[in-house]
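In the two complexes below, chain A is the common chain; its partner is chain B in one and chain C in the other.
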Partner chain A sequence: MHNELVTLINSKVGGANATTSVGEAGDASITVEGAKLYAVCEMLKNDPTYSFNVLQVITGTDFKDYIEVAYIMASFDPAKNYELILKVKLDRNNPEVESVCNLWKAANFLERETYDMLGVIFKNHPDFRRILCPEDWTGFPLRKDYVVQEVYNGMVVNPEHKMNIPDREFNAKQKAAEKAAAAASGAAPAQE
Partner chain B sequence: MQELGLVKINHDGQEEALKSELLTLNMGPQHPATHGVLRIEIKTDSEIVAQATPYLGYLHRCFEKHAENLDYRGIIPFVDRMDYLAAMSMEWGYVQAVEKMLKIEVPERAEYIRVMVAELQRIGSHLMAFGTYAIDLGAFSPFLYAFQMREEILRLFEELSGARLLYNYIWVGGVWNDINKDQLDRIADFCNRMEEEAKKYNQLVSYNEIFVNRTAKVGIMDEEMCYQYGATGPVLRGAGVKWDLRKNRPYSLYNKLEFDVCTATLERGVLGDCWNRYIVRMNEVIQSIRIIRQCLDGIQDGIVMAKVPKVIKLPKGEIYLRTECPRGELGYHIISDGGKTPYRLKVKSSCFTHTSMLPDVAPGQMIADFVATVGSIDIVLGEVDR
Partner chain C sequence: MQDGVVLMKLDEFFNWGRKNSLWPMTFGLACCAIEMMATGAAKYDLERFGCGAFMATPRRADLMIVAGTVTLKMATRVKMLYEQMAEPKYVISMGSCANKGGPYWQHGYHVLKGVDEVVPVDVYVPGCPPRPEALIEGLLTLQKKIANERLLRNKWVKHA
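Moving on to the complex of A and B:
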């Protein structure tokens, strides 16, 4: 199904550069150009053979050198019943993509959540603000380099008496031991 | 404040301009009708809701960030704490996604047990929805009846897993503990009594005239709106769409089992209103009993745990797997980089999507009807905020 979809996207939307990628296991996905995302989504939603009428979820992932946003859509029709993971790769310093709120109203909350957690800016969103964290929170929690702020509105975020120090020490010790074992066996150390 | 307009009144020849404004009212964060810590800011024009804005995040624990630092087995207890009223269904979806990545075959007995506990959980969750919905609308005693039956399910789960609400029972490769003959007999007995009880509930609440007047033709979410917002579960089926993942994308044993997909019955009200969403749940209880009975007939002796590697490492890749939970579709999107912990774990929560429908359905409703609408979509805030 994915190969046909790639041909369809590339023939209908110029410059979309759709490519498919498959992992060692699990589901395949299609990656398109960020600038053409809205056009691709519009085409997929209105295409008579696939008609992805439901946007299930928007996932953002921080891959350290770029941010990937995945739009998972499905067709709720017993005869079609397709499911697709559509991805865009965005610049990590300036992640910007067109909002798809006009196509699926579900995108409203989902895009707000992606912004809240990863700092992806969705252009032309009708009500663009944080959703789960407080409005005046700083930083984007699901970025890999996120460090929680120490004081928020005069409150200490992680007070010492609430930290689980023995657990932390134990985990640090275990991690050090693992690293030493990996170094001893000559294998490359596991990625953090 | 939004200006509605000026009303000119003539008092003894003196013209006076009365300005009418919208009143802002906060429903929550502690409010019995929101079933948890949800705040909805309502702008009202006397008794009519003009605008409703949900404010989420009061129960936000950033489970997705936690999951990035936990191994695949360690995530299961965290998953429980999302939808704490249907923890078994939450676990099952997650575990299936991991098993599919690892290509593990689950023993047949374990599959039967999983289907049974998931359906019992569905009954338990719908009983909770039934009881609290009646309380929202001012009837107290149905809640007590519902909790009496739910208690038996919880007792059984407690014997199976050691916990009453957050089970950590369904593990990667099977289930933690085998079920014995006595417990199977008790499930069969429970099914018989539950069927009788369900009739009582229908007499007491479902076709009660006061209840019907409060819920029929209230809070209409039609088919087009459901697709727009990606609504699933009883909300979508209440709009008359025959869509159930157990039938449309069967997983586990569901293609062997016989059951009907419950949709809006239209005995009262119109498509997509509160009453039809409610009756879908009540009918699903009966279908769940049917499924459990078939499982009780089909279950064979055997092992309940497959061989699973000691340290679970998922192959590089990603998976999106969705299952049908009591409140709607639950999806897990796992991205793995080949390590011991997931690189990214995203949960598609049905309650989150259903909450996003509230601003659209609220305008024009009475405040009391809005309470009925919030109750009828049956949200659990643990799953909304994650």
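Moving on to the complex of A and C:
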């Protein structure tokens, strides 16, 4: 199915530059250019052969060099029953992509969540703001370089007296004590 | 006439009344709230201890059972609800999350590390989530604490 879809996308949408990952590890997917995402989605939804009428998931991943946004769409027509993972790779410093809310209403909350967690900007979204974190939160938690803010609204996020910092690594204190004991018992015979 | 007169200390009388009619607030945050509901339902029957009347508004409640994960977003609301309750008021922190952040204490960017950062807690109930018996024991502990209060020396009078 994926190879036919790649040919279809490339013939219908100019510059979409679709490639597929069939034959590689994991679920097969199709990657397209970010600028052409809306046109590709519109074509896939309205195509009579496939007609992807349901958008199931929008999610994203931070790969440090780029941000990848994945759209999982499906066709619930019993005669078709297709499912497709469509991916776009975005610039990490300025991740922008066209919103698909006009095509699938389900995209509204999913795009807001992707923005909340990764900072991807969805252009022409009808109600574009954070969904899970508070409105005045700073940073995007699922980015690899995310640093937790120290104080939020006067509340210390990681109070030192509660963090048990000496034992932060699993059994760190116990291992250090064992090491010290081993060193002491090793040194004791040498002194005798 | 003698049968109609009861003599007791005012402290004991007030404490007896308060500890046997603790009305909790209808207020659950996460999975601990499921156990709290089970405690309030027929099998464990919180009403036996005078604690079954879950009030739908903080203004009628005496007890706040913080049942579940307190996120930073929720913490400001929890504090506001506590301030809306009429005195005397008590707080039970139920479960690991409300006690100290629970499984989120090390890497949870969004979780308050213990509800005692924003409201004063009277009794901590450990568990993840605590069984209904544990919550009932926490309630009985709170009742023992209330029974030892002194009317003119308690914290409500001091700060009035």
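We adopt the following convention: the second predicted complex is superposed on the first by the 160 of 192 C-alpha atoms of A that agree within 3 Å, B and C clash if a C-alpha of one lies under 4 Å from a C-alpha of the other, contacts with A are read in each partner's own complex, and residues count from 1 in each chain.
Convention: a residue touches a chain if its C-beta (ideal position, glycine included) is under 8 Å from a C-beta of that chain, and two chains touch if they have at least 3 such contacts.
Please read all numbers here as calculations on a predicted model, not as lab measurements.
Asks: Looking at the overlay on chain A, is there a clash between chain B and chain C, or do the two fit?
Replies: Because the two structures are overlaid on the shared chain, the partners are seen to fit without clashing.
Asks: Touch test for A:V157: chain B only (first), chain C only (second), both, or neither?
Replies: Second partner only, chain C.
Asks: Answer with first, second, both or neither: which of chain B and chain C does A:I85 touch in the superposed model?
Replies: The first partner, chain B, only.
Asks: Between chain B (first) and chain C (second), which, if any, makes contact with A:C133: first, second, both or neither?
Replies: both
Asks: Return first, second, both or neither, reflecting whether A:I165 touches chain B, chain C, both chains, or no partner chain.
Replies: A:I165 sits against neither chain B nor chain C.
Asks: Of chain B and chain C, which one touches more residues of chain A?
Replies: Touching more residues of chain A than the other partner does is B.
Asks: Once the structures are superposed on A, label A:A184 by its partner contacts, choosing first (chain B), second (chain C), both or neither.
Replies: neither
Asks: In the superposed arrangement, does A:W104 touch chain B (first), chain C (second), both or neither?
Replies: A:W104: touches chain B, not chain C.
Asks: Between chain B and chain C, what minimal C-alpha to C-alpha distance in angstrom results from the superposition?
Replies: Minimum C-alpha separation, chain B to chain C: 6 Å.
Asks: Across the two complexes, find the residues of chain A that touch chain B and also touch chain C.
Replies: 133-134, 141, 146
Asks: State the interface residues of chain C toward chain A in the complex, per the touch definition above.
Replies: Chain C residues touching chain A: 72-73, 75-76, 100-101, 105-106, 109-110, 112-114, 117-118.
Asks: Under the definition above, what is the set of chain A residues touching chain B in their complex?
Replies: 22-27, 29, 53-57, 59, 61, 70, 72, 76, 78, 81, 83, 85, 104-106, 108-109, 113, 117, 131-134, 141-142, 146, 190-191
Asks: Which part of chain B faces chain A closely enough to touch in the complex?
Replies: 56-57, 60, 62, 64-65, 100-103, 227-230, 236, 241-243, 248-249, 314-320, 322, 329, 331, 333-340, 343-344, 346, 348, 352-353, 355-356, 360, 385
Asks: What part of chain A is in contact with chain C in the complex they form?
Replies: 133-134, 141, 146, 148, 152-153, 155-159, 162-163, 168
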